[in-house]
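Residue numbering begins at 1 within each chain, and the chains themselves are lettered A, B, C, D, E, F, G and H in the order written.
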């Protein structure tokens, strides 16, 4: 079966990616999942981990963000599909930015969002090719690509 | 003086766009400002205003969002610069999606964000060419393009 | 007011374009409308009109189609918006091909279609940014871009 | 032998794809064939299959179409060649839209159409690199790529 | 009337460009015609005219060609249409290279060629949107864009 | 060793491609060579071979050219490098068109031309990244990519 | 006469831009000249001028560079031609980076460099469409575009 | 593990590439490293090595540079990441040009530069996704892509 590279945009506080990956693989689909660093503390500290202490939080954040952006843009560039996952918690501005970037780059977008967020996400819903409500449904849609 | 088309991404609850436009024009810059519909109720109702009543909020939102997305993508396509404005209130997922889309489309991004949002916006800060803290500073940066 | 170039894809048997143009201009919008040759007989004969008689209908069609395609692709290339109009009559394969081409080229698509065609046009509806049912609604959407 | 990815655009009521695939493979060509969902009922129902019942046919169609479009655009994106197959039956607007999209995306197009459709398809014929009349001829053209 | 920028690719020994320009303008079309340097001796000498004597014909040619290519690519980049004119005399490799470049850049191509060159130019004919035999016919096609 | 896909543009009357392929492979480079149909009679007849007799040479040529163009554009699209080979004989307009198309598509061009053609090919020389005089030198340049 | 937008890449310590602008305008060419901030101190201080004092030179530089990059990329994006000027003094890494960026973006490049820098600039020379030695020669080349 | 293609831009006088490659591979990352010819004398002589003696240093340089550019552009085109390494010695204009080209082509850039060059490289720092100070740090960032 043909492999597909899927970029997973979403918060890095919960384990939603593992849930989706299991559901997709459980359907016999060979997929390569890529996305941002999911260990939250590491994502925040990588700038200082590599470059050393910075003179304050703004610069600490900036150095780390550059490294995180390097990672995500390298990985997103080769994706066949982007999945954007939105939940009720967390700002999720990176998720939204990644979603907009994917669509603008010609990468089809599948949005997963809790129905309670319908109104807030109506525009991104419109940009996406399809929107579902659960990770299980997302896995069904992904499997459908090859059905 | 050469005109510039500036796409203004941001929440549509406050009047920040007028503030920025006045500051830019006050510096003698000729700019065409474009962006989403800023009358919030109209932005929400335009789908039903034009297409008639829909069978529920999800569909009401979807019909309107399609029309709003048609507008924003037509206008963003010709922009020379995108300004993304973030404040402490509102979800601002559209702002983030527009920011990501602009950068992915090769349109340089200028982010305006309150310092309190430094950490949450570190990745978008990294994608942007420049980040400032106030609309006044944004107007200074825009004027600098032609200095 | 800023002008907009609108490519009008649709059958060339009825006068729907004039109807839309009047409705748009009636709302105070400055638009340049472009599209295929609308005089049906001329569209069919232009190949032989210019190149002389061809050895049969297939070649007569091919020579004319090349000239018509030259025209439509030159005009579509500079469009800000594509409108695809579908009615109950005619094959409208050119309309659908133009619609697919516009979306693939990054030109936002507004589809106008009779509700009776909902099922047949569901995929193009999905590719479009927005879908309306009448030319009057289409004019409202176009005016909304500048509201 | 080098593999080629071929996107097959066309109606999903008959088994024409299998016929073409057999003819191509019979010539010793290694090809990966992709395209829309070919089980017609599943193509229509997938929206409700995954997302649950919708409030009417328009919304039922829209939810399914989004998922179908996600599939086709992911698959078309990596294609080396698009084949558009037209017959006398069915609206085939998706076929035409896919054909226009492929050409606009720089994917060469091979059209297969019954001679009786010469006049109706003259413009798409003009956009295509080549046009043939039968699936057997299409397989010959595909094999010729590697001859 | 809307202006159109037309890149004229072809030999620089005869005055065919003036002929086409007169025919186009005679039809009331406002066009900006661009193309390579048409004064043949100047085209050959411009390298040494500007940079001084070079150590032999190969280098004399190379210095001039760089300047000529700078010119043609700047001008072709903004063209709406490319016309490639082929006659019985001259190598016309630049004409063919410009024709291939235009098509690859998404600029529609109109080829003008004497019928005696049908066989030699069959592939470029295939890449072009349309092919005619005389400059008069070319002017008719160009006028048809706006009819 | 990494493979490279090389598109070979040039006349199809002599066996220059085999000479280059041997020279490249003799240097231990793994390359996939693609290009137009090299059996001249087949290149001319393929249209009628597949589609049946046409009403005259112009149409015979056109039908075959479409199939040949489908082949070359599919193959060129994935090339890492284009080699354009020019000799003293034959019109070689396809060679020049392929050269211009490759450069315009961002595919680096290596030109091989007899020194006697220096003046006629000065512009294409300027568009190419490098120009050599023999196939042996071309093979050296190709091997140099991996040195 | 048609205007041209020219991006001037080069050091900001001398007044070479004024010299070139006068030479170009003296030849009757209407050009819009754009480029980086030429007041060196302002280029270095703009970050702190707008954003306030930063915690050290690295961050002072970074904040200013973001604003300078915003400016240059907005202006370069609409250029028809890039001129890269190299002299014996200064690091000129920005000049080289702008030159590489212009070529990669499809903007033709004209390099101006002192003959003493021939060896060091041989690769950028190769990427440029043309290379000259003085600003006077550059103005001649620019005028030649419209000759 | 997924392989990554990394283009290494930088001077060809020291052995920094080997140092980076060892550091990256030591972290278990499978990478394909590409870049310019690193044997300095060969890089300078390749033009005359292949094409024979040229009439002077400018032409010797030009012939070689064309071959070197052919190599680097073929290799950079398929890169996932570009690393630009700057040190205190050497002009490094090729490094800067490659850095600008990579960013303009959508290839994420990681810059490695000695802190003493902070001021001179502030603009390229701004264009890069991330900047580090040592090759060891660069290897850490590269490994982080897959963490």
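The rule is simple: contacts are C-beta pairs under 8 Å (C-beta built on N, C-alpha and C of every residue); 3 or more make two chains touch, one makes a residue touch a chain.
On a predicted model such as this, the values are computed, not experimentally measured, just so you know.
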item: Contact-richer chain pair (by C-beta pairs counted) among A-G and C-E; value: C-E
item: Same vs different contact residues, chain B with chain C, by half of numbers used; value: different
item: Chain pair repeating D-F, as identified from E-F, E-H or B-G when over half of the contact pairs by residue number coincide; value: B-G
item: Fitting chain B to chain G on CA atoms, where both chains share a sequence, rotation angle to nearest 5 degrees; value: 90
item: Chain located farthest away, centre of chain D as origin (C-alpha); value: G
item: Rounded Å distance, chain B centre to chain E centre (Cα mean); value: 43
item: Whole-Å gap separating chain C and chain F, where each centre is the average of the chain's CA atoms; value: 38
item: Centre distance in Å when chain A and chain H are each reduced to the mean of their C-alpha atoms; value: 30
item: Multi-chain contact sites of chain C, meaning residues that touch two or more partners; value: 62, 66, 69, 126, 129
item: In the complex, chain A residues that touch chain H; value: 32, 37, 39, 42, 46, 49-51, 63, 66-67, 69-71, 73-75, 77-78
item: Touching residues (chain side chain B, partner chain D) in the complex; value: 55-56, 59, 62
item: Chain H residues touching chain G - in the complex, by the definition given at the top; value: 57-58, 61-62, 64-66, 68-69, 72, 86, 91-105, 115, 118-127
item: Chain E-facing residues of chain G, complex; value: 2, 4, 80-81, 106, 108, 110, 128-133, 137, 140-141, 144-145, 147
